[in-house]
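Going by the order they are written in, the chains are A, B, C, D and E; count residues from 1 in each one.
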Amino acid sequence: MSMEFLDGNTILYSAAFGLMLIGIGGIVISNHLMRIIFGIALLEAGANLLLLLSTYHEGASAPIIVDGIIPAMMADPVPQALVLTAIVIGVGILALALSLAIRVQRAYGTLDMREVRLRLEQEICDEAGIEMPSSSEKPAEVIKTPVNSVVQQESGS
Amino acid sequence: MNLLVLMIALPLLAAFLLSIIDRASSFAARVIGPLVLLATAAIGLSVWSQLGDAPQAVQWGGFQAPLGITLYADQFGLLFALAMTIGTLLLWPRSTGNQLRSSSLALLLAGTGSGLALSGDLFNIYVFYELMTVVSYGLIASRGTSGSFASTLRYLVISGFGAALALAGIALVYQATGTLNLAQLAQVAPEKLNNLQGFAAFVLMLVGFGVKAELFPVNMWVPEVYATASSRVSALLAGVVSKLALLIIMRLLILVFHQPEALTVLLVLGILGVATGELAAWRARDLNRMLAFSSIGQLGVMFIALSIPGNAGIFAALAVAVHHLFLKPAMFLLAARWGGSIRRLCGAAKTSPVAAGLFVLLSLSLIGVPPLPGFWAKLLVIMPLLTLDQPLYYFAVFIILAAASLEANYLFRVVMKLYDKQPTAVPHKAHATADLATAVFLGGGLIAAVFMLVPLADRLDSIAAQATDVSTYIQTVAPQSLEGDVQ
Amino acid sequence: MNELDKIPVRQEISVAQGGAKRTNPLANVFDELVRFCQSRSMFMLHYCTGCGAIELPPAMTSRFDMERLGIQPMVTPRQADILLITGYVSVKTLKRIILTYEQMPAPKYVIGICSCTVNGGMYWQSYATAKVLREYIPVDIYIAGCMPRPEAVISGLRDLMGDIKSGRADNWKRYFQNYDHYLGNQQQLFGEDWQTPTDIIAEAEHYGLMTDQTLGEHTALLQKHQQPLEALEFSLGEKREKIQGEER
Amino acid sequence: MTALDNLLLISAVTLVIAVLAGNSRVGGWLVTIMYALQGAALMMMSGLGYSTLTMVQSSFSIEVLSQQLLWRFDALSWFFALITIGAGLFCSWFASGEWGEKYRDNGGSLRLFHGALALNVFSMLVLLASGDLLTLFIGWELVSWASFLIMALAGGKAFGYAMRYISYAFAGAMALLGGLLLIYAEVGSFDFQSLKEAVPTMSSATLWLLVVLLTAGFGVKMAILPFHLWQAKAYAETPGPGAAFLGAISSRMGLFAFIVVIVQLIGISRLVEMKIPFTFLDAQDLLAWIAVFTIIIPTYIALRQHDARRLLAWHGVGQTGYMLLGIVIANDLGSAGGLMHVFNYATYQAMLFMVVIAVIHRTGTSNLNKLGGLFTRMPLSYLAMLVGIIGLAGLPPMNGFVSKWLIYRSLIVDGSPLLFLGAVIGTLGTILSVYKLIHNIFLGQLRVEHVAVREAPLSMVIPMMLLAAVVFVTGYFPGLVLDWTSAVQASIGIPVLAHHLGGIDMKGGLDMIWIVSVLLVGFGFGTLVFFLGGRSKRVHQLDNYAGGHFLTAETRYHYSDNFYPGLMHLIGPWYRNSFEWLERGLISAVDTLSTAMQGLYRNAHPSYLLLAVVVFALSWVIV
Amino acid sequence: MHFFELLVELLLMPILAFVIGLAMVLMMRRIGARIQRRVGPPVLQPIYDIIKLYSKETQISHGLMHEIGIIMAVGGYIAAETLLPVPGLDGLADKGGAVTLAYMLMIPALGMALGVGQCANPNGSIGISRALTAMLAYDIPFILVIFGVSYVYGTTNLAEMITIQQQQGVASWGIVQMPLLALTALLILPAIMGKHPFEIYVAPAEIATGPMVEMSGKFMGGLFVMQCFQLYTAGVIFTTLFLGGGLYWITFLPKIFLVVAIPMSVAYLFPRYRTEDVLRLMWKWPMLLGLIGLAVVMK
């Protein structure tokens, strides 16, 4: 592998995809809510970087119209504007997520996703007035149908 | 033509002004939201009436097409914008807690929704989509129970994940074409996006926007959210908001992505959605989650419809979507009082006969009993599927039909409970008048559709035809060729 | 029993006194033929009450072959012409014998086989034996002996055939004509609440076999506590009253 | 306004009247009169039944999805409509008198009942009038849901059975829809004619798929073999005359559609060409065998029932097999027999149900072990049931004999001994179980609690008697019905059966006029012989031979339970409930899948799915 | 006049059937007696029995249906006799045919069943239940026979069958053409006639003659008359199907007596079967024979 291959573009793209993968990994593997939220943040950062890189070419200058720099040498300004917006949105969502996490922590006393899921299920079922579906810890109740009652049923084959 | 802008701006403005107005008069604050939406709807209707066969485009902010913010109004987009506005009006959230916050959130939802429907630019779509998502978080959480917070958070995780993927997809598109204006994309797509990168972008965006459209693998939030949110919010999300996400995917399919693989992906995910949703609904023991699962199945049918190439697919998906738009909110409104265990519904028809009758009507239409509109919508999906003559499409038909049988089974189990003569220990609460009236209005719409079947079908067909007319789109947004402007 | 004791048991009258009316048109026209056929076709119901029954199988099977004479065993009283009482009659058995006799279609004949049916025989001292059968039902022929051999049985049957052919064997009419007498004896033995599901009085009335001896104090006693036994006739429901089920 | 428009309009008006005024006594009679008017409107088209008219169009037609929806009547529709309206008329008549009052007093909604009945008739007429495949499907669904409505009226247990019905029916309808749309995909039109023209060019595989889908769809309604489980219980629990109506005609709609699509359009001759690989059989044989097993198995299930309504309803399933068998054989004798059996069966099945309902009305039970001896109390009902069971068992002199004779004869002509054997086994089973029916209800010991029972009211007896008259007269003069079936045969393109008023004129034919006359004269001579004997006296039932035992009124000596012990001892173990197992297996399969899907949504961490998607997407990209 | 000829035929046929039937009953009883090394009844014994039963002076009836049942039983057979083709008297044979006849013969059975049911005697009901079960047992192989014969002759018309067999001589007789089917029919003949060893529904020692339990006097007499018809009908049907029917009584009579005599002589040797054993037997051997016979005939 020659060093030429490791030009700036490649590194940057790898960084972007790497960030995204780390983010996805964070969401997928961890069970702790904070880690998941961080995973989202990383994923967004990677996506933003990718967007930024979409029109970047090596040696491009900032898209400010000054003498001597022709538009062709500039980096495309549009993605930069877009990324700005995306970042703002991302931050907003992150803040919302964190505030919700606080609420959840207060309500359930935990930030473990599995625990939260179970408690949520419990709450929904309680509200609906149905029993929780049997969980893996609790063996399902075996409903025994008396064999006789089936045989005695008056009906055909 | 600034009327179009008003459609978006008016609700947004009102939402921000609401808290200020509230200081002056709380009554005004309560009234102003619906009034604004009414006005918006009126504007939308007037635009619709002016529109005729020619779509219109507005460049907002003074820049021309590729750079400026493009609003594109054809009947297709306008239909959904109107649905968003009127839908929000009908399903105006009635929060027990902070009504002001709910009102402004609803206005925001209407504004962003209309924006989403009318945007002609991929990034604007993304922004509106994200805003709408945030607003819906607020709406779900506004019920204030711990369950609603938890489910919002879980929704947020999936949604955030999806949004990031969508953004990555947009980046891939921009990287390939250098533009995000849909008209421009439509011009360059055949040569620049008809490759692996384009396909990857499509998949990423599909997964991203699919979160709201209850696409199969990213719809895990659906049962939890609809079970914990208030029924009006569930109705809004399931009935209206999901259709807007569907609209984005339709637009992308029509204008940008023409890979055959894209259709296959849609088909497979649609089939999976139908199968998983309907099967899960079969065992659901509470009404809310049953409706949630069944709406996953319905959205799956729309994805299957989208996988039909050409005008027929859009037409079919549109028909199913519009049908679902009427039906699901009404059902969720009925579930407001009937939520919870189905077993508790024993004899509910005695206390609220109108609601029970309506539920029967809605169920019949949902499972597709002629001559109700649900049947014709389903027919529109299946007929072209069979002409395609491929095993997977046949399989899709089988899945749709089998799912309908399952639907008939579980929905009528509920109906049986409603009409059961054994009374339950807990007395049934009658429906709130507003809920019932809205549901009856929507149900009446379905009945009316039976009698106006032919004009309605023609209208939807023409809308679909307009939507699929790529050259008109390009012509309308930028009469001169944009080819040269692309870097 | 007190009331019953006061009623004297009347002596039975002879058949000749009762003006029996022939109901069968065929019998009126071909009286001789009919009597001949009746004598040559006898279906017998053997009520195997005691040891005499053991002599009947040899009489029926290959050695003596009763079928030569047109005699066949039958299993229900409805089909039978002859009731064979083969041995001692206990009180409990007698009830069944009376019921069976009453259920047989006339002309019907009773044959008492063995001494026990004549006078109680070796059971004369038994408290549980009805000693003289003819006090309770009319008996046409006794075949005495302990036990009579098949030859004697066949001889007795031949005698009965001769009686039937000549028209003398009409003891069955006595039962209708002197029902009060027989019922009185039966009541003495079984108590005053004695009754059978058959309605002899109504039958006597139906077939024109009523005499002044048919009804009496014993039949009055019977009718006092008897369950009504009219045949079930059609009711199309002209009456508009509601059925019982609805009233409840 | 064509004659068909009039008919449909009157039917719709009937529905409106039933819904508006059904709750009152006058309303019931009004509705009954409206059915009679429908009959009159049908008679305006009677040319259809005698081949003097070929088709009556409705002037109403709409265009949907570029499909022209048409409604029209031909001889086949006319024939079925005749039975439908007749059944509606008699059942409504039956329901309008005392039965209705009692039903209302017990908390039933008479309005709903009359409405549901009228809706059933209306929707059936719409189905019968369908002029293309799409209208056929619309009518089909209407009929399905209308009968669901009337089935569910009773509430309680009936709900469950109605639910089972609609699950079957809707699945069947979906199979049907799949089949019809497949036709559309192949032919490009829903038109009958274009399907008929396209059939010769269709590939064998497509045709097989079509036949399987369509037969499954129609078969669910007919309750032919693998789909037979729903029918008996659902029909039996339908309130009162509703059961009679459903039993008489409802599931015949499946047969109608079968005749229209499979026999008329696809054609039996095409079925014969469709061989099943590795066997000697073809599609026609397959259908015939399904029909034969539909005859046998439900009939012997009926033999085991303790409830009169269940017993009759199971026979309803079994008799369908005869009709299907005759029609699938499709020669002039068989199809005439099958079609005639539709008419005959409707007459006596409606009557039998009416009798059983009259018995329930008077005694409060239809449990065959709790009745007995009602002959002296309800003699007219008994007469009706006697006529009915003779018809159902297919013995002369009733009409059931003629149709079954035609079917047997066609099987002999066709040279199918095993099918013939199967059909006869069914008939023998029918004889056994109908004797049990009449014996356990009307013969034997009259229970003490039923001594005060009286004959059913006139409003019930008159319809029964009229139907009994129809059963007898059409048995005496089968030519009356054979005229109509011949018209039907002509219109669906099957060789027409040569017949005369008394029966069939052929080598080894049948002349019912002679046979019935001789039978009646024979009975006359039998009476003479009987009265040669002396006088007899009617005696009370307690005067009965019981081995010298004294019977008392409290003794239950009516032999009713386990009526065929010897037979059941041998064949009892053959009832393995295998179809129930199949159904249960299917349900538990769906249940398991459903649980898995719920687990997918609830228990599995969403991340696993996301991971799966990523892996899937990556593998797609790489491949 | 054709019509009057027919009328005379129709009147004559039941009377002939009755007389021949009486002779058959006598023969049957004599055969039974000879097998048991007895003398047996005198020649006129059947007619004595019938006259005696009809001349009973008191007899009970359990109601109208009981009476109608007997009328149906006798009348149905009287009617059925007119459908049989016998030498010189074709009667109505061309109006019905084998299938019709088979079903006509169920009418008397049904009548009797109804009458017995009305008696409300459990023994009678048990008898009917057994009789119907027996019918189910023997009718299945019987139907195979009917089918095979109709298939071979190409008609269900009994008169035509006779014509075919008579025209083509002994070689075309059913028994030569289809010996297996004939054997099947012969095997089930005792069951059809309700005789040993298949008289499960009579079973005197067990259920007191079953259906006949409440029959007295003329009711029983009617059943005796019916029995005559029954034997005669069985003989004629078998003869028509397999033995070429008959053009002359002189050849016809020996055939029908032979047909009744053969199963009788075998049957008296066996004890009675249980109900389910009758089913098992009938559904095994005659059925198997019948199916093989059919396969041979149809190939």
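In this section, a residue touches a chain if its C-beta (ideal position, glycine included) is under 8 Å from a C-beta of that chain, and two chains touch if they have at least 3 such contacts.
All of these numbers come straight from a predicted model, not from anything done at the bench.
Visitor: Just tell me the minimum hop count from chain B to chain C, counting one hop per pair of touching chains.
Guide: Minimal hop count between chain B and chain C: 2.
Visitor: What is the chain whose Cα centre is as far as it gets from that of chain D?
Guide: A
Visitor: Give the chain pair, either C-D or A-B, that is connected by more C-beta contacts.
Guide: A-B
Visitor: Of the chains present, which has its C-alpha mean closest to the combined C-alpha mean?
Guide: Of the chains present, the most centrally placed is D.
Visitor: Sort the other chains by how far their Cα centres are from that of chain B and give me the top one.
Guide: C
Visitor: Indicate the whole-number Å distance between the mean C-alpha point of chain C and the mean C-alpha point of chain D.
Guide: Each chain reduced to its C-alpha mean, chain C and chain D end up 56 Å apart.
Visitor: Nearest whole angstrom, what separates the Cα centre of chain A from the Cα centre of chain E?
Guide: 88
Visitor: Go ahead and note the Å separation of the Cα centroids belonging to chain D and chain E.
Guide: Each chain reduced to its C-alpha mean, chain D and chain E end up 35 Å apart.
Visitor: Two or more other chains in contact with one residue: find those residues in chain D.
Guide: 373, 376, 379, 446, 532-535, 537-539, 541, 543-545, 598, 602, 610
Visitor: What parts of chain C, by residue number, touch at least two of the other chains?
Guide: Where chain C meets two or more other chains at a single residue, that happens at 23-24, 26-27, 76, 78, 103, 203, 207, 231-232, 234.
Visitor: Which residues of chain E are in contact with two or more other chains?
Guide: 54-60, 62-64, 208, 213-214, 217
Visitor: Quick check: in the complex, which residue numbers of chain E touch chain C?
Guide: Against chain C, the touching part of chain E is residues 29, 33, 36-42, 44-45, 47-49, 51-52, 54-60, 62-64, 204-205, 208-209, 212-217, 220.
Visitor: Can you list the chain C residues touching chain D in their complex?
Guide: Residue positions touching the partner: 23-24, 26-27, 76-78, 95-97, 99-100, 103, 196-199, 202-203, 206-207, 227, 229-237, 239, 243-245.
Visitor: Quick one: which bits of chain E touch chain D in the complex? Just the residue numbers, please.
Guide: 10, 14, 53-65, 67, 70-80, 82-83, 92, 94-97, 99-100, 103-104, 106-107, 110, 113-114, 117-123, 125-126, 128-130, 132-133, 135-136, 139-140, 143-144, 147-148, 150-151, 154-157, 160, 200, 208, 213-214, 217-219, 221-222, 225, 274-276, 278-280, 294, 298
Visitor: Which residues, counting only chain D, touch chain B once they are in their complex?
Guide: 62-65, 137-138, 141-142, 145, 152, 155-156, 159-160, 162-163, 166-167, 170-171, 174-175, 177-178, 181-182, 184-185, 590-591, 593-598, 600-602, 606, 609-610, 612-613, 617, 620-621
Visitor: Which part of chain B faces chain D closely enough to touch in the complex?
Guide: It comes out as residues 154, 157-158, 161, 196, 200, 203, 207, 217-218, 220-223, 261, 275-277, 279-280, 282-284, 293, 364, 367, 369-371, 375-376, 379-380, 382-383, 386-387, 389, 397-398, 401-402, 404-406, 408-409, 412-413, 416, 419-421, 453-454, 457.
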